[in-house]
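Each structure below appears as structure tokens.
Next, two complexes with chain A in common: one pairs it with chain B, the other with chain C.
Up next, the complex of A and B:
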């Protein structure tokens, strides 16, 4: 049997060409700044100033900028290592509390009918509707009252406290878990804590993955929240550190800054390649169920 | 001595009366089927027996214990849910032993019971799988296994076959019957399927609108339904109800029928009133030698293999009769039929009660 080939008409060639052209332009738009960033991070200060931003470096193995970014000659603000530690600390605790609080709140909201339930749901709707960027003064006062201003914990509280969307993702997912599971466990003698921790929480794994992925990206990239509430140098997150390095009186050269940026992007890129599959699933989960 | 006893149980949800003064008793080893159309309160009744639904009037006794105010876990009941409610992230073994783990039963005893249940239900090769890797029938067996290991006083089933396809449903029904015969466990089983009720039950509780319509053995329910609802709910095709008049002389006239009702058909002395004559499709044969009670005009014929269901009309009233497949009958024929009148049921046209 001979396979029939579809004939390419000029019209089809034109359409295909157009498709490729748009894809190439779109890719270039995204990749050019990255290319520029990476090549420049390898250029010594002198070469950086003399060449343009798309010419490859003369020496691809010049790591002086990276060394300077990681171990600066004179301590000026926070090191990149400490910034990674801060961000990691904030990420781990935010996600931990967010998952525990969010899923248990969702469990109570979905499985129990109690007085004030409607009120809570209504309050959440209001919180979602009001952008956090509009309330910095009062938020700061609350943090101050709690004695958290200028501390990493302020960010942790903000990240897990104000994240209604994650709770709603949990609620949506819980709705798909039959209440017969709860009933069955109750007949078998399980109390609500056992039902939650031994059955519901493990069954929420896909929702947890979704929340972790969405929130990790959000928290890692967040600049505004730490900028507003935790300006102190020693508590700086990676985004704050970059901001400080770019500052007027930081004394850091542009090329070193670029090297630092590459270092900050790196974990995200590696994470993306490892978790690609889950991230796509997670985002669609979030969009369909959240 | 009654093993399960419900006394004047009522339950309302807001203004809706889901159960209205329900009382019944069942002896040890009984297979009680709660039967009725959806919304009749049978599932609510089951949940009241488990204790999952609270706040009701009346009392529930299981094995001489008043369990009315006990938590579900203290009632010594086990339940197979409609969805089976297996824990999807746990292996079959863990699913079965979950309750025992929660109740801190020693490991050795746990393992002994799991092994025993697995043997009884042929689950041994499946113990390390998770529910997603099981077929519908296997999941059902796991759900039953989870009940067995608890060694409960009472087994409860909530429409357990409704998620299975027709063939598997039949097989599982047979399996359940075997299991009950072997274990002699007292069981309450909820269904809206009359076949399940007829084949499984030792005792059927027919319900409608939150009330018990009739409580009887399957045979009795079929032969002696208390009213029109019970008569039509049981039996397939549905019983023929011929509208007409009952005379004070005990004769019934209607739809071309004019017959004297044999002794024993009427429970009370005949009095003249509008009535309906209930005749099941299998209580008819094709008349011979001019002994016909009635002639029906054939609408269409449904062959089922062994038999033919002849759907026809007599003076505008629908009638279905079952005849042997050897008969050659086609649409438009005039078919003389003779009824087995001693099997007839007579209902008061107004109240629907059998008279």
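Up next, the complex of A and C:
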């Protein structure tokens, strides 16, 4: 790197300065709403009303809004704890099924050529092209028919049903695993189930990690699906809990709501700081190609 | 291959695909087909028994006395415009960050951050930021005096769509940045070194080396933005509740289908939009056919 360092002329310094300036301005614009959120979440109700939204709180350790958000004095709607439980429940089962169904489907699609394969791939491609926001009128009828509307399981089946990006990630990874491994296991008398579960699945761990990270972010942050199919309060995910709290008749004070928002974004923000490399890689591999 | 091996192979294919394919059919293919059927009926969202076949009436109505339902489509233009700005900015930042300057990683982290936030949280954060007494006005008051106030989110005014479009840029810029940045990684550094030896400046290097390589990725992102701007739902729904001038096609469609119990009309709207989306994807495929970046890995 240092060998490549070119000599700095005034023109280059100016260009570099301009580049940094744009980066700093953009970063400030990104951080400003977050700064306002965080400082306000520490202000007690009175102070929140009296001060503006950019000055830091008098006391950074005032946690009254957070306490009220977690243990509300009057419970209206669902508590944040139950919402985290609902989201966690949905996440665990969606990911479990998604990994199992996605990786096994990818295995068959990558390793075998069979009649109907093209049809299935074509169907997947069509489904990806159809925006989910257009089908709720009919999807809701299907969920109602199956008795799933208004239940957490509606979200689970919708999340793990068809996720072409995950299957793509699995297929790409499977291509890098030589079929010679399968063949030699076949010769030793293993059947395909044994090959898949004992040999292939353990080797898919990096792909599974990518899928888990990307889908966790996607499912945890999703608003549209629960909003459309599971409006019931008791089944509310963290998204729906915030949405209801911010509603006209919720009675939650704004400062408390801000604390709840911080609590909801905290897990993904921390996860992002730790795992950002994998998130970038997953997005680069999965997004545009899909 | 022995009979036994053949059977085992078929069994494996069947067992591994039966559940995913059933789910694909039940939760995706069937609803799409049913959408077409509903669009030809006067189904009221509840009672199937009373639904009558009405032919293309819903579609005819959509272009005659239900024309108001299509008006919100024009608001896609705000989002289309902002997503173009977003794409240009993202490309700029991706190129700048790709020089591996000090603190690049920090800037990338910051610019990507809004993308990992919960959708509702992000919407509410922006709603409170742009409130009349929110932080945006507080900051502007530092420069323009204490009486300066902008009603950013007055949903009776068309300009509020600019605020919403800005919220959308804030949230999704990082995504385009990371995708473009990923594409830049495939350009070997020595191409730039060679160009530099020849005395090329940064502007020339961008147009001669960088742009040709990422052109396809940018084009795909652009097409996704076009489709995305037609389907905008979350941002206006969470920030202004899709009221007044900020309603979009998707919001109007869902209102028709669920609140107003006009599933037939809503389905017709969906089919109409679907046709547009299919055309856009068709054009995309036609243009990118045979290019390596979209080679189907299956």
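One rule holds for everything that comes next: the second predicted complex is superposed on the first by the 267 of 290 C-alpha atoms of A that agree within 3 Å, B and C clash if a C-alpha of one lies under 4 Å from a C-alpha of the other, contacts with A are read in each partner's own complex, and residues count from 1 in each chain.
As a convention for this text, a contact is a pair of C-beta atoms (placed from the backbone, for glycine too) under 8 Å apart; a residue touches a chain by one contact, two chains touch by 3 or more.
Just so we're clear, the structure is a prediction, and the values are computed from it rather than from any experiment.
Colleague: Which partner does A:203 reach: the first (chain B), the second (chain C), both, or neither?
Modeller: In the superposition, A:203 touches chain B alone.
Colleague: Would you check which partner chain A:45 touches, where first means chain B only, second means chain C only, and both and neither mean what they say?
Modeller: After superposition on chain A, A:45 lies in contact with neither partner.
Colleague: Does chain B (first) or chain C (second) touch A:178, or do both, or does neither?
Modeller: In the superposed model, A:178 contacts chain B only, not chain C.
Colleague: What is the contact status of A:187 with respect to chain B (first) and chain C (second): first, second, both, or neither?
Modeller: first
Colleague: Thinking of the overlay built on chain A, is A:149 touched by chain B (first), by chain C (second), by both, or by neither?
Modeller: neither
Colleague: May I ask you to decide whether A:141 touches chain B, chain C, both, or neither, giving the answer as first, second, both or neither?
Modeller: In the superposition, A:141 touches chain C alone.
Colleague: Quick check on the superposed pair: does A:70 touch chain B, chain C, both, or neither? Answer first, second, both or neither.
Modeller: neither
Colleague: Quick one: is A:121 in contact with chain B, with chain C, with both, or with neither? Answer first, second, both or neither.
Modeller: second
Colleague: Which touches a greater number of chain A residues, chain B or chain C?
Modeller: Counting residues of chain A touched by each partner, the higher count goes to C.
Colleague: So which bits of chain A does chain B touch that chain C touches too?
Modeller: Of chain A, no residue contacts chain B in one complex and chain C in the other.
Colleague: Which residues of chain B touch chain A in their complex?
Modeller: Interface residues on chain B, with respect to chain A: 50-52, 72-73, 77-79, 81-83, 85, 87-89, 98-99, 102-103, 146, 150.
Colleague: Note which residues of chain C are touching chain A in the complex, please.
Modeller: Touching chain A: residues 8-10, 12-13, 15-17, 19-21, 23-32, 34-35, 38, 45, 89, 92-93, 96-97, 100-101, 107, 109-114, 116-121, 123-129, 133-136, 138-139, 141, 170, 173, 175, 178-179, 181-183, 185, 193, 196, 202, 217, 220-221, 224, 227, 231, 233-234, 237-238, 250, 253-254, 257-258, 263, 266-267, 270, 273-274, 277-278, 281, 293-294, 297-298 of chain C.
Colleague: Tell me, which parts of chain A touch chain B in their complex?
Modeller: 178, 180-181, 183-190, 194, 198-199, 202-203, 205
Colleague: Using the touch rule from the top, collect the residues of chain A that touch chain C in their complex.
Modeller: 1, 4, 6, 15-16, 19-20, 22-23, 26-27, 29-37, 40, 52-54, 101-102, 104-105, 107-109, 112, 114, 120-121, 123-124, 126-127, 129-131, 133-139, 141-142, 146, 157-158, 160-162, 168, 171-172, 175, 191-193, 196, 217, 220-224, 227-228, 238-240, 242-243, 246, 254, 257-258, 261, 264-265, 268-269, 271-273, 276, 279-281, 283-285, 287-289
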